[in-house]
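You will see chain A twice below: alongside chain B first, and alongside chain C after that.
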Partner chain A sequence: MASATLASPPPLVGGGWGEGWRLLRAWRRDSVFYLFAIPFAALTIVFGLWPIVLSVMTSFTASATALKSVPVYVGFANYTAILRDPLFFSSLGLTLLYAVLAVAANLGVALAYALLLDSPLLAGGRGFFKLAMFLPVVTPDVAGYVVWRWLYDQSFGALNAFLHLLGLPAFGGVASPATAMLAVLVAELWHHAGFYAVIFLANLAVCERALEEAADIDGARPWQKFCYVVLPQLRPAIVINLVYALIQFLKTFTVVVVMTKGGPSGATNFLSYYAYQFFDQARYGEATAMATVLFAIVLLMATAVYALGERGRV
Partner chain B sequence: MRMSSLPRRGLLAGLLATPLAARGEAAQQLTVWHDLGDNGTKWFAALSAEFAKAHPGVTLRATSYPTDQWFGRVVGAVNTDTAPDLIFNNYERVIRIAAQTGKVMDLKGVLAGIADKGFLSEDDLRVATYDGRMIILPIQRVQMAFGVRKSWLDRIGEPFPVTWEDTMRVAQKFRDGHPDGDPGSKVFAFGLEAAQPRDLIHILDLFTFGAGLRSTLIDAEGNIVVDEPQHARVLEEFLKTYTAYGFVSPDTINYSFGEMYQVIEGGKAGMFRVGDWNVSKWDRPDVLNGDFIVGAWPKFFADRQNGVVIGGMRGIAVPENSPHKDLAIAFASFMLTQPAQQASLAIMGAAVRKDLDVAGLSPRQQAFAKPTWALYAYDFPESIHPFYPQLEAAYHRKLLDAIARPPADLKAFIAATAQDMRVLAKQLAEKKD
Partner chain C sequence: MKRALAYAIAVVASVFFLYPYLWMLVSSFRTTAAVLRDPLRWWPERFDLSGFASILQMGDLSLLRATVNSLAITGASTALAVLATALGAYAMTRCPRALAFRLLRYGFLVTMMYPYMLLVIPVYIVVYKLGLLGGYSGIVLFLAVGPIQFFLFEQFFRTLPAEVIEAATIDGAGEAAILFRVVLPMARPVVATVAIITFLLNWAQWFPVLVISTDSDTWTLPVALLNVNGELGTNFQGIMALAVVTTIPVALLFLAAQRQVMQGMTEGAVKG
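On to the complex of A and B.
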């Protein structure tokens, strides 16, 4: 998350007409900025913050009254109920495990791809490979996941047909509890890695080449050059990608709705989807309580990662 | 050119009087919210045209929402006094609206005022009543029969299966042969679903009620029935259909309605659920071209008649804060008349009247319209036990686990599951109290 430096109005010190004109000009300059920023801020508050506030308020209401004009508030009863639900904890555990694996896989693949694309050894076709990498990102996610579901199909899927050709055992895909999470992770990797690679590529473009040349002159091996010269310079992109990926994968939802519906047998019953099922049972209070807990976890982890990443920066 | 010497007020009055006199009443628009899609909107348009003959100037605007959105929109609208005039859906869905809002009108008095209603059975009226109130006027009896591909049966030389043993034999031939005539294709004996509680338990309901039993999980008195001998037998065969017998696609564990329909309409399943609303689409040349027979669910027990399941009742409900309440009530009553019911049968494939003309319907539609099979009504445990959705979700998890990781001893699994459900039902009942 790159911090934007907001232009702050100049201090109201000094006096005299000259100072006043200077201040007036400064305000006029800054007011243009605020004029452009206010509509977006208003939209964010109305469509972003206000629904979150309403959701948190609903988590303190009795489900049967949640959608009434005057709901009945029950304090922390919904939170107590979900904390007594063993499935909530197993769902949370699955969500955290998936998030860790997905973040590592996506950032690892994205970084490797970005380094390959940035390499001077890639003589031609750079544009083609960039397009190939980014095309899945702009593909509508539902359409992409439907195709992945077909690829994994145990009877008609191209993946198992290919494995069969190679004489390899079939892959359980989303039909087996043992492989469902991996299947979902691969589909999400296909869809998201390109986005993170673009961020890495942008950072690589502003890296100091002189430092790499100096390392070459000093006899550094490729791995040493990468660890001690390139990687430190990629810190901004790593922090941005880490925070964004954590937020993205902690709230994984669409892929589950399309490919597994939380199964098989709860193997991909991540917290967002588990909370969604409560809406279907009209248990709005508990559903929003779960959503609030997830929101708090996402906020804490993202903030912690960002703070750690920014620590020591000059 | 200037206006003539005719008094302007008189001219204006004359101009206005003519259309008003022709209308007979002020122009009004009723609104109805449903989840039946384009077909439903087409049906309501036909009803609107018919209703307008007796109520000139009155039109009906029908809006369809996906079912899960329909709930939220209706509850929100009713609770904020922006309700539509009418809502149309399955009985068990209107129950949720009634429970969430407390603002669904009791239509008992309305039904009492309708003279021509002898076609409504006690079962029909029971499934229209919740908590002592008639929350819907029953309009469409939702029947769900057992369907089998006709050409597949012809190819394997079998008649429509009657008993479960017949069904197993046909299923094995579908599974192992090439009943679709294509040696290169992979097909399945059954097209089923399992992902959500209302997917898997719904199919189990059909097998259970279709076999002539009552209740799938819990009866009206609150007793868990899962391990009663006949229920346990049906459940065991049901689970084996998904597992040991290999009668369904392995991906069925993740299938909901959409995926199940893809398998059926894609011509990959030999046996499947057929709802009365499915027939008009599946009769089309670009779908199944009418290549299926509908009949009763498999017979499991010699002492019980198998039949078709009345999976529900679709009806019309009137919110207490309906903007045009009197007119809405008139329209709701109109939906039970012969012309309205004829349109319902022709367009939606379902109705409640028995005196409708079926000559123009396909053999499969006629089978639903003039049923010769036994009809068993679903018992709607959610209308009796408020905790039922949670109990069902827990039962679904157990069954799904048994499908994903089949237990070595199904009988022991069923006994243990029944005991777990008893404990949970007691806990949930005490919590609700």
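On to the complex of A and C.
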């Protein structure tokens, strides 16, 4: 870096003095850059780090005093309160189940679609198919989920009208506890899969084609070629997508607010929505305690996946 | 035969991705009764504008106000995000070894790992403490930090050849002159990409807007849509009309800048 070349080598003698001079000189050299970084640093601290610290602190206070200048600290009372709440555990279980299903569905569909768009079987129209897949990603999620909510509707919805036309049984959508999670999952798949697919596509673009040709010459079956030649090369995209998708679907929220409000009968009451309900009732202590627990889970799982992905690289 | 199958799958998938747009558009021009009779029409019987008329005024909030709010909040937060992030990322790549910057970068990464929905709740408390609740500034400031923006800028500045800056230094230019006359003109493409992506992402934001607002005066289009959708007594046609108004601007922007958007979001994510 250019700035590094401007720095003089550290003095060989006189530790204390030399060190002081070096720091002073570094400070003078860097000071203009500190000025440049002030707005970014201020935004990161005030709207990022401070809220996180505050959130953790609030989880140790009594809700009624959380917004006061001198909140009353209650230790782990909020944590023991949520740990005694059976709804918290069923919500946590639902969240984990949904995250696993949604990650698998999204990455499966995204990978399949990316492989299809990348395959020589398609002569033209790639640009259009890619565009169709990515448009939902940049569509405001509220608008997309509102439309899906009505597509599922029993009387208005196009989906059940279409199933009826084909003579198939009606789909319960978000109205039935048995199908609500699936309905939410499909709507989220519509919104997110395109993002994971372009990451797979970017990875496929740098894959070594010669390896596939060599596998062909060696008489590998398509399935063997996929498992032993293509998939290992996609490791970077798989790791990135796994981390992103895990973070995404562990905190599924907007789709629940728009389509189900946690229902019917709690079938989609995921943790971030459950925590939000406490916040909405001004029970800040319990809400932030749940947020902290969810944050710990997200952090743990994301880091674990990332570490596993890195270790397997060798 | 194989090729036909590949196209069949691609077409079915595209219908899955695109049909909701068609249905939303067609339904916004059909009366609720007409949709109830036949939900599957490909084209409206006639173009009925009563849905759009019904959302011109939504309670205390006019459609005009919500649209202006959306444009103003998205525009201001985008400008601020581009400026602050470009300067910050530039400073941090120029002095990568400065302790303060290493701490800042680490703190930023932690922030970005915190689940967004849960960050909004403590942000409410922060905005409350700053006395910015109910105004535009709290919303704009909160929407001005994001990971994709930072990683795109950082990546660009890291690939900037050191000779460019050395040459300018030898010519006697100060750091400010180097930044504004040499580096930023070179960064124009990445500035454009970041600006477009930030606009698309911030246009869709609804939760921070709702949480920081104290009444509907500062609501944006997605918040208004959420509210109309949640009301009792269904104005189905109006909901579809508002969904159209919310979606069309960003859909057009995306179609105009599709390569930049897809490439930028991929790079921003891969570096993260």
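Side notes on the structure shown:
Convention: the second predicted complex is superposed on the first by the 266 of 314 C-alpha atoms of A that agree within 3 Å, B and C clash if a C-alpha of one lies under 4 Å from a C-alpha of the other, contacts with A are read in each partner's own complex, and residues count from 1 in each chain.
Heads up, the rule we're going with is that a contact is a pair of C-beta atoms (placed from the backbone, for glycine too) under 8 Å apart; a residue touches a chain by one contact, two chains touch by 3 or more.
Since the structure is predicted, the reported quantities are computational estimates derived from the model, not experimental observations.
Once the two complexes are overlaid on the shared chain, A:L67 sits against chain B and chain C alike. Looking at the shared chain after the overlay, A:Y274 reaches neither chain B nor chain C. Of the two partner chains, chain C is the only one that A:A302 touches; chain B does not reach it. By the touch criterion defined above, A:A291 reaches chain C but does not reach chain B. Judged by the touch definition given at the top, the superposed model places A:V174 against chain B, while chain C stays out of reach.
Once chain A of one complex is fitted onto chain A of the other, the partner contacts of A:Y98 are absent, as it touches neither chain B nor chain C. Contacts of A:F88 after superposition on the shared chain: neither chain B nor chain C is touched. When chain B and chain C are set side by side, the one touching more residues of chain A is C. Looking at the shared chain after the overlay, A:F156 reaches both chain B and chain C. Where the contact sets of chain A with chain B and with chain C meet, they give residues 67, 149, 155-156, 279. Those residues of chain C that touch chain A in the complex are listed here as 2-3, 6-7, 9-10, 13-14, 16-21, 23-24, 27, 32, 35-36, 38-40, 80, 83-85, 87-98, 100-101, 104, 107-108, 110-119, 121-126, 128, 130, 141-142, 144-145, 162, 165-166, 169, 174-176, 179, 200, 203-204, 206-207, 221-223, 225-226, 229, 236, 239-240, 243, 246-247, 250-251, 254-255, 258, 261-262, 265-266, 269-270, 272.
Residues 68, 71-72, 75-76, 79-80, 96, 99-101, 186, 188, 195-196, 249-251, 253-254, 256, 389-390, 393, 397, 400-401, 403-405 of chain B are the ones that touch chain A when the two sit in their complex. Against chain C, the residues of chain A that register as touching in their complex are 1-6, 26, 29-30, 32-34, 36-37, 39-41, 43-52, 54-55, 58, 66-67, 113, 116-117, 119, 121-123, 125, 128-144, 146-151, 155-158, 161-162, 165, 190, 194-195, 198-199, 202, 236, 240, 244, 247, 250-251, 253-254, 257-258, 272, 275-276, 279, 284, 287-288, 291, 294-295, 298-299, 302. Taken together, the chain A residues at the contact with chain B in this complex read 64, 67-69, 149, 152-156, 173-177, 259-267, 277, 279-282.
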